[in-house]
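Quick notes on the structure that follows.
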Amino acid sequence: MAAVHETVVMEGHLIDSDQLRRAFNRIVEEGGDFEVLDFRVGKTNADPSRATLSVLAPDPHVLDRILEGLAYLGAAPDAKGDAQFAPAERDGILPDEFYSTTNFDTYVRLGGRWVAALDQKMDCALVLREGTPRCVKQGQVKRGERVALRGPGIRVRPPERSRDYSVFGFMSNDVSAEVNKAIAIRGAAREMRRARAANEKIVVVAGPAVVHSGGDLHLARLVREGWVDVILTGNAFAVHDLEKSILKTSLGVCQMSGRAVEGGSRHHLYAINAVNRAGGIAAAVASGLVTSGVMYEAVKRRVPFVLAGSIRDDGPLKDTITDMLVAQKAYVAALQGAGMCLMLATALHSIAVGNLLPARVRTVCVDMTESVPVKLSNRGTLQAIGLVTDVGYFLERLAEEVHEGERTTAAQTTTPARVGKRGAKAAPRAARRGARPGRRRR
Amino acid sequence: MAAVHETVVMEGHLIDSDQLRRAFNRIVEEGGDFEVLDFRVGKTNADPSRATLSVLAPDPHVLDRILEGLAYLGAAPDAKGDAQFAPAERDGILPDEFYSTTNFDTYVRLGGRWVAALDQKMDCALVLREGTPRCVKQGQVKRGERVALRGPGIRVRPPERSRDYSVFGFMSNDVSAEVNKAIAIRGAAREMRRARAANEKIVVVAGPAVVHSGGDLHLARLVREGWVDVILTGNAFAVHDLEKSILKTSLGVCQMSGRAVEGGSRHHLYAINAVNRAGGIAAAVASGLVTSGVMYEAVKRRVPFVLAGSIRDDGPLKDTITDMLVAQKAYVAALQGAGMCLMLATALHSIAVGNLLPARVRTVCVDMTESVPVKLSNRGTLQAIGLVTDVGYFLERLAEEVHEGERTTAAQTTTPARVGKRGAKAAPRAARRGARPGRRRR
Amino acid sequence: MAAVHETVVMEGHLIDSDQLRRAFNRIVEEGGDFEVLDFRVGKTNADPSRATLSVLAPDPHVLDRILEGLAYLGAAPDAKGDAQFAPAERDGILPDEFYSTTNFDTYVRLGGRWVAALDQKMDCALVLREGTPRCVKQGQVKRGERVALRGPGIRVRPPERSRDYSVFGFMSNDVSAEVNKAIAIRGAAREMRRARAANEKIVVVAGPAVVHSGGDLHLARLVREGWVDVILTGNAFAVHDLEKSILKTSLGVCQMSGRAVEGGSRHHLYAINAVNRAGGIAAAVASGLVTSGVMYEAVKRRVPFVLAGSIRDDGPLKDTITDMLVAQKAYVAALQGAGMCLMLATALHSIAVGNLLPARVRTVCVDMTESVPVKLSNRGTLQAIGLVTDVGYFLERLAEEVHEGERTTAAQTTTPARVGKRGAKAAPRAARRGARPGRRRR
Amino acid sequence: MAAVHETVVMEGHLIDSDQLRRAFNRIVEEGGDFEVLDFRVGKTNADPSRATLSVLAPDPHVLDRILEGLAYLGAAPDAKGDAQFAPAERDGILPDEFYSTTNFDTYVRLGGRWVAALDQKMDCALVLREGTPRCVKQGQVKRGERVALRGPGIRVRPPERSRDYSVFGFMSNDVSAEVNKAIAIRGAAREMRRARAANEKIVVVAGPAVVHSGGDLHLARLVREGWVDVILTGNAFAVHDLEKSILKTSLGVCQMSGRAVEGGSRHHLYAINAVNRAGGIAAAVASGLVTSGVMYEAVKRRVPFVLAGSIRDDGPLKDTITDMLVAQKAYVAALQGAGMCLMLATALHSIAVGNLLPARVRTVCVDMTESVPVKLSNRGTLQAIGLVTDVGYFLERLAEEVHEGERTTAAQTTTPARVGKRGAKAAPRAARRGARPGRRRR
């Protein structure tokens, strides 16, 4: 059948990461075929697998399409060529053959050398700036900048969907309302401790339902206790949170009904008015107007927050960035150094942040239905683990768990007998696994 | 327009209960028109409203259809006639003109006297048994029994959607994921205390997700502490609960993943096998095989439970009633005296129980999405208040609330200063309202 | 109980519109009580009902709160006073006692005369501009402008939830996945014909799922055939639609999987790039780059569209308004004269538009789950009728229905025998009802 | 780390079927480790892959648990032993060490020979009957029958998740509301034609929402045109369908509102009464009482149907099997020979049928939310492809597609030029793929 063929090489934890199967699928879906010329399974962790495939296609056009698809999966022709570039025609206008980034770590071959791209995020152009390839949003590319073209010289390394990654024990990235949430949340807490130990930022992306559900109390506690490094949200979340602090006596009404009772949304506007009059959130905290809540704790703890405006906003608050291009830049800047991300009951901001995160950032998406996690996955944020539950419950329990975990960890540190590979048969599995250094992967 | 007309009278809390508006709608929807001849709003609680309407229709057929619709809403022609009856042709076969019941309290005119129907539930025939009208499921009517026909002599009294009823404070029967759950659950707890004080049964209808979500622990506590009088469920819930008690070491796996891992459903079958070998659930508790969980507490506390089989069951357990007609009778019997009903994460059993409950039973339906409460409402279980949250969270918090409430109540009882109508300005509104005897309704 | 009381008067279709019941609820929820001093039900359409209530409260503070709540429901103390005003302190900063608008038609008493407010929409300040009260977004109020204060002199008139309104026949504003969609869609089509006949604008609010579900084809047809007067959406919808037109051969892939396949989102960026290079959407149509789709038809038919940016956008398109304050103003301007609004598979834009629409605009909200319609209702867009179905199906069927309806109407116009009140017993009920001029409401 | 180890062999399309990755995961999740001793990737379809793993575990107990898990995945120790059996203690009581079946094809080693199990379905015992292993529901095992024990001598063969299987083109078993439904439904239609060509039964599992959504019309057409071989459903679906046929004039009401209007559920009971009086569904068709609908077409075409009762049933119909054990047997019998299964808007019956189907039966699950497909997958019905859409739309479009497909196929048969491997570059991919005989899989 095949008129043309090409040999490609894949390396890495090919089975664990599901790359090999997806590559096989991809070839056949596009109308091609393949032969496995060689497959060597690594025997130790230091020795990854390596497969050599011959890709067959009915014509060169199909072959090119397949090879491009495989490139996004980390498979590349065994070619020597450098990446190719063309200048941006105008500000924000790319050459048609531009390469579009994924959220996988990306390498660009420049002068025979593979160079890692900076600012990894999906759906960007790869632009050479000061000799280094960077992921740059289409609208921010400047006229004349050198933009990488699809074709040779670009490789990605998909992350392993490793079991070590799996924050919920064994859930990989399945989504279901039918898991024991207590156990899943314990996993998320464990992951937060890991991120903190690794000096990675913990990012919280929050929607207004966090306040409606009563989870604000617990999120405020997490901020206060130092478990949150960045808050990315919108105007509505901040206003609900501030309203709750400012309008103490009236708040009950709103909280009790959970909806805009007649005249109830006046409180919303009142809070905006009061905070804006004070000069913004930080000033409102300083002046004593705002004395509790998530925003209060963020100001007190100097936890940066970015409020991105949206078309449905009231007000908005002075702190809200109303221009989306500016807001996206602020999100990107705030995400530098992120190692874990909690997406809490918001489709809009979760997808926005998913677009900006490298796939290596461990991500938990909490929502009342399966649809937000499924959407994230469909948009390429494959690393997001969906947890279908009430966000109020999630936060309450999470705040307890990280607290609890702290105590346990402290206790363990003083217990040398606990150290040792697999010695403690009765130890919880998760604890055991954390201690296992020599596990092999393929 | 109208060729024919008829005068009907409505009495009761016509506005509170939404009866008047629904009657107006009904007339127009069916193609008729109306004139309000007289409307008198009662000034006190003891003095209900009374409306006299002239219903107009283009032809007698339409008029009849309207009048029948109005009858189900409690509006009746100001006629003097007795209800009419015809014999059931055969076992389970009704005369075509049979009256079909609602879940509203129903009165039948016999010999000029209004007699309340017994066993009120929806979608039944009204059968005269020993001189008294009873709601009897179609399939259980015996040949020759006298079956009430639609037409004169039957009246219903829709329950008020009173504010006193509203278990969540002010939510009426709105459904939303966006309420503060803590406050709503507090309302449910308050209602449970009310039911217990009134010596009414508290019924729990539970689906397997109660176990999956980890809510079983808290439901077991509620049973143990005497807050549950009847459990209506199916085979699956009981098996999951028993499996958790019996297979301690294996349980972790199943609980951690929340799904049938390879080989995992063996545990399910194993639990059934072990309990059936012991001779059923009570025997399994007696023998020491089952030592914890909801079913365990139910056996220990002698809380009756009914397990209705379903087409998707494994096993089933010996305790499971596999014939649906028998199971329905058992549900009906168990619901006698119910004053409150908690429907927990099950569409199947909730709708089944909704069909069997009088509308006066205060009902809370907890589910992860709006769809189950909406379905209940569409099927006539209008009294069900939907609470969209994680059932595991609901039960955990509810168990704490009833506990807490107990203590508070105890404390209050010893504080005579709290007694007195509206004296305590600082008292929570709900408490104040409970004490208000003279509130007027229309 | 009551230390203080006040007499209020309500007028209008008090039962139909549910105002009376909500007023009763409101009083009791806030801790008050009431007595109906007088209630007169109007006998004809021209003669609305009128109720006089004595509102009782334990203290003046509670009474004020009740009276404010009642004011939002259209009940007002029978007072003579004018509305009161205070100047805005600074740009965007209101006096604390500002009145917050609803989406109900609002009247302000100035010099003893009731004047209708302009630009009716919810959650605004009422500002006197050129002697006329206008609803102005908080952020757009200028320093020194006179802002209406809560208290006397402001009245609202809630719309009737009339049966004539009910676009789906009898559904009122219930939400359910379990209705016969074909019939509901027929009702929506009927409403669109009504709006067009009344020379009111038909507004479409669309999310990207319209394209994903294949509904774009049918929406394009509706635009082409003149059924859409305004399109309010965001960047993503437009890009998906344009991508489908531009990248014909590649589109299959994207459409077949419904998600970003590896490398697939390149098409998204490519479309933005190509359209922006052309100079925007209209230019891209003019140049022949874009030759089909919703945006194409909109340009060809000169149907205005507003693309509001969001934090999750790629690109964005040149046509996308990235500043939310500007985008909100553009939405507001485009909504002038709206008589019907179709909200299609987007929570974000639907809530945004709901905030900007007077309650009198007949609104249909189509989504896959109950949650968006429920949210709209909770946020005060009570008039939105929820239709839980696949938006692709809705549009396909709707496009057929309006077409079909056109033909039927044309046929009917030539059939004088069809004219006549209720003569035609076989006519569909909806047709009959349309012809009924003398229906009474209370 | 490992104190004990064991060598296992896996054979088949190890990567395509995802077996290898799941086996790796399984080992690590249970606390073990592994080394790949040998991995040979087959080069042609006739030459499957083969992997030899050394499984390591800290103690023999963990090793056993791992090996049992691997056995369910098709990996087996390279042992020679026969399967072992023990007698059932009593009717319905298994020996504790019973083997619990999956829905994968299963082989049992008897006298050194691998024998395929009959009646493959999940969660059964494997019982030797007349010398052949059969999957038998726990409750149907008779005292003394020989029941297979877990351990050696049992192997399963998981089905490939082949691309040929993928009825929706390339969707594999992802679930999303965001796919182009038209294309997905075309895939389902293609699969139905394949099943019919292969002389396999097409099974329809239907819930009442099929009628509510208006899909009954189209399902009736599919039955009439010979596309349905078995209907598995419950009492409610049949009653709704019959009511629609019998109560023509009244039906409008019910259909228009989609819910039990006041008095509306009388129609439901009336239909049951009328059909039962006639002597059941077939008699009601024969007598001319029922003249249209799904049940009518089924009777006319002699398409067998099974109505399983449930706890929420009204009536029930004489045809409804009220005992669940009897109903399950009837479902099992009806599923013999099934090659394709459409699950339509019912969680209850879909899960029930999923429990009874071998994994090789190609299954499509249509529902309004992701939750039913996700539940099916969690319960082991991994082959079910979820399609999140309105079932009324699905059926309407499907009925058109199979019709259309028929015509196209007929046309193609007469076009010899279309035959030929890959020659037709312009042919739709699906058509091309069907013609490709030599594709390799691993």
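Each chain carries a letter (A, B, C and D) given by its place in the written order, and its residues are counted from 1.
What we mean here is this: a residue touches a chain if its C-beta (ideal position, glycine included) is under 8 Å from a C-beta of that chain, and two chains touch if they have at least 3 such contacts.
Remember, predicted model here, so these are calculated numbers, not experimental data.
Trainee: Using mean Cα positions as chain centres, tell me which chain lies farthest from subunit C.
Mentor: Of all chains, D has its centre farthest from that of subunit C.
Trainee: Go through A-C and A-D and name the pair with more C-beta contacts between its chains.
Mentor: Pair with the higher count of C-beta contacts: A-C.
Trainee: Using Cα averages as centroids, what's the distance between subunit A and subunit D in whole Å?
Mentor: Centre separation, subunit A to subunit D: 35 Å.
Trainee: Enumerate the residues of subunit B that touch no fewer than two other chains.
Mentor: As it turns out, subunit B has residues touching two or more other chains at 170, 174, 176-178, 258-259, 261, 368-369, 371, 377-378.
Trainee: What topology does the chain contact graph adopt: line, ring, star, complete, or other?
Mentor: Shape of the chain contacts: complete, all pairs touching.
Trainee: Can you list the residues on subunit C that touch subunit B in the complex?
Mentor: Per the stated touch rule, the residues are 1, 15-16, 18, 20-21, 24-25, 28-29, 31, 33-36, 39, 41-43, 51, 58-59, 163, 169-170, 172, 174-178, 369-371, 374-375, 378, 421-422, 425, 429, 432-433, 436, 438-442.
Trainee: Write out the stretch or stretches of subunit C touching subunit A in their complex.
Mentor: Listed in rising order, the residues are 22, 26, 68-69, 71-73, 89-90, 92-94, 96, 98, 100, 102, 122-123, 125, 137-139, 150, 234, 258-263, 265-266, 268-270, 272-274, 276-277, 308-316, 322-325, 327-328, 331, 347-349, 351-352, 355, 368-369, 371, 378-380.
Trainee: Flag every residue of subunit D that touches subunit C in the complex, lowest number first.
Mentor: Against subunit C, subunit D makes touches at 168-171, 174, 176-184, 209, 212-214, 252, 255-259, 261, 368-369, 388-390, 392-393, 429.
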